[in-house]
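Paired with subunit B in one complex and with subunit C in the other, subunit A is shared by the two complexes that follow.
Up next is the complex of A and B:
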């Protein structure tokens, strides 16, 4: 499996060199996507400098942390979004008859996917850390790396769950799009701005708050005012990510057992 | 006109079969209404309010903007791109119909479905937020401005999709323009919040004619004395992009390259 995976990245990078114009366009696309979000945040917070005690600099870090987890997920696990298409077109059945894990096979379908977003996210994070006044120590770097990996797993759990839904409902593109953009919107702000029920959902049901809010609260040494938890819970992100992925993978497994194909 | 009416009806029916998608769109819009209510309420509670935009006006602005997006985010001319990709545009050009008008009626049909959905969506949103209802003549001015905004948006989309005749791939460019225009058109935040020169530049761009003008009319930031000039600017943009769209279409239909098919 590791050899197949290395081969997959080799093909990916070679494709990238082949389609440089395409790569440039998608890079602009990624830049614009995040620049619009940050631009809107900047303009808003120029007028309203405090968001439940968070400044723009802290909010920027909050965003960068989410962005890194999300873009790591996009770089490594993005093919999962093709599952509905594979199911619709009947290609999915091919994965089931080969002697390798179906999910792993999907992750290594070559698709001209480039880690442009991840590169951009790392750059953003490198700007955001000193911008938010965070001291860079080896321990902080290690924490952030672990949190980003945990965040990517949380994202993976969601996209795997959405992909599994496509075994029953064939057209889930809109659902995927809605979930992704709602995730981006709801993780942009400290959870204390929401009603209590929504805070609980974001912390424990769909644990997006662990992608950025809890870790940022801990790293920036802020009070956790959303649920009154000890900020140290921010360090649980990798564990939450693993657990959440586990649940989602079980759902995927159940879906696979019931999968009947579309007959196409 | 009959065939075009039929095209619109067909598009409406086609779109209505994807019930799951329709519910997802409406559901995520409602969640976003909730998000914006929380956001603005928190921001207004801890900071000084901007001069002419109290909290209730801001929440009204945000909610109406989202409802407008239900209609405006529909890319009425997506069909051009799709037909270029599968090559069916070649046979369509031979049919005795006016293709741009066909695209318009198809877009209208799909848009109408979402226009109908505005009502239940509004009712759901009203469970979460209270929005200001201005006097009837302001509402009428808003309706007119919104209709103009729809047309400006349509011709802008038409131009972008028509570019596919040359590049064959416009999806990424289109998404980029969509996101930029969400910010620059005042859909996400009112353009009045942008500082100094940036603000003035934004009001001079065509994007402002899509969301900002109807919305600022609605919340009363554009007073009655300036309505005429607001409409005039929208009409100028409509005519300008309408002219560009016509030129693009003429040039495009002369050079068709079908991609495989």
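Up next is the complex of A and C:
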């Protein structure tokens, strides 16, 4: 498996070199996408000194934290979005006649992508940490690294669950789109600004709040006013990520069994 | 020397698909959402067969006869609804990954090559996926490159290859890890004559020189005639014939056809000893049993009775034989049994 994984990245690099223009456009798109989001945040925050006790600098950190987990997910697990297409077009069979785990094989389908978004996210995070007034200590760095990994796992759990639905229903584009916009819209601000129902969903159903809001509250030593929880719950992100992934992977297993039962 | 041993064995293999019965129309679609009744479709029933190591078997059937479903169960993609399978001693659906090491699969309509990469990069990725030792990998790539004449396009992105070139690449890709058994699902579909010939030569070679067991499904019976000694015929999910190609030809192919073109239209032409099989314009077709009747006698009678322009004899080819078996399979079997 490590050899296959190394081959995969080598091939990604090669295709990237062959399709330089595509890569350049993709990179520009990624930069513009995040710049627009941060720009919008800046413009909004010029109107108020703070939003529910959060300054622009703190919200910049909030964004950078989400962005890092999300881009780590995109760098490693992006190919999961192709599962419905593989199922629909009958290419999924191929993964079942090779001697490796089907999910792993999907992750290593060459895709002409490099982890440029992740690099961008790490740069943003390096700016955001001191900008938010956090002191850089080894413990803080370790904690942030764990949060980013946990965030990527939360994203993975959600994208895997959406992909698995395609074993039952051929088209899941709408579901994916809905979940994606939820994630993009509700990770920008502290969750305390939303209605209570939304806060509960963001904490316990689709736990995007654990990608950035709760850990940031803990790190920045802020009052948790969203659900009135002790900010220490921010430490739970890696555990929540693992749990989400575990549940999703079990669901994936059920989907796979269904596929092997019906072949469609 | 060792005795050939069965490498693929199935007993009473069965696959039933349960699908939601859809009601017609918009209202029907709405009702389907709420109350689901299911209908069962038997795709494969009671398939029992045994293939020896080193055999080359044609698995033949019409669309929807159950060919692909059987292959999918043998490869471990589908879990059977009943019955037993063993492939090289392994139950495919229980030990899918272990089984995958022993098998190679070519789906004629679905490439496993990576579209945007040079052919050789797909091979490299497969080398890593199957953990093929470097040395063996290189030997196989070299051998297949020669056999399939792939040298000139080894470094071309797959999307730029012709169908024939791509297919050759797919064959090599399926064989890189030295599988003991290869399943070829419609491997020559859409290929031109030259490409078909190259693929057939490769299959023969792999089978005879490497001793690879080959199970081939195809629509093109020329593939079967050219490649297989044994065929398994499947219809409506069940095996209706399993045996030598030659035997089926002599048993079911007893009837030859005399094609007579008259100089002028003849009303209801008849020949004693032959059965009129059809008239089209001034051409009549007579079917006769090669065991009981001689062609020269029939031609002589015909020329005495009618003014003739042309005469020819059609030998049954496998395709027409099999078409007939599908059409009148039961009748034929009775005939075979009473003989």
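Note that the second predicted complex is superposed on the first by the 259 of 264 C-alpha atoms of A that agree within 3 Å, B and C clash if a C-alpha of one lies under 4 Å from a C-alpha of the other, contacts with A are read in each partner's own complex, and residues count from 1 in each chain.
FYI, contacts are C-beta pairs under 8 Å (C-beta built on N, C-alpha and C of every residue); 3 or more make two chains touch, one makes a residue touch a chain.
Remember, predicted model here, so these are calculated numbers, not experimental data.
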item	value
Fit or clash - subunit C, subunit B, common subunit A	fit
Subunit B versus subunit C as contact partner of A:105, first or second or both or neither	second
Touched partner set for A:169, first subunit B, second subunit C, both or neither	first
Touched partner set for A:11, first subunit B, second subunit C, both or neither	second
Partner chain(s) touched by A:40 [first = subunit B, second = subunit C, both, neither]	first
C-alpha centroid angle, subunit C to subunit B via subunit A, nearest 10°	90
Touching partner for A:29 - first (subunit B), second (subunit C), both, neither	first
Partner chain(s) touched by A:196 [first = subunit B, second = subunit C, both, neither]	neither
Touching partner for A:51 - first (subunit B), second (subunit C), both, neither	first
Contacts of A:186 with subunit B and subunit C, given as first, second, both or neither	first
Subunit B and subunit C, minimum CA distance [Å, superposed model]	9
Residues of subunit A defined as touching subunit C within the complex	3-4, 6-8, 11, 14-15, 18-19, 90-91, 93-94, 96-101, 105, 108-110, 112, 257, 260-263
Residues of subunit B touching subunit A in the complex	18, 20-21, 24-25, 27-28, 31-32, 34-35, 38-39, 41-44, 46-47, 50, 172-173, 175-176, 179-180, 182-183, 188-189, 193-195
Interface residues, subunit C side, partner subunit A - complex	17-18, 69, 72, 75-79, 93, 96-98, 100-101, 103, 105, 107, 110, 112, 114, 116-117, 121, 124-125, 127-131, 157
Of subunit A, residues touching subunit B in the complex	25-26, 28-29, 32-33, 36, 39-40, 43-44, 46-53, 169, 171-175, 178, 181-182, 185-186, 189, 192-195, 198
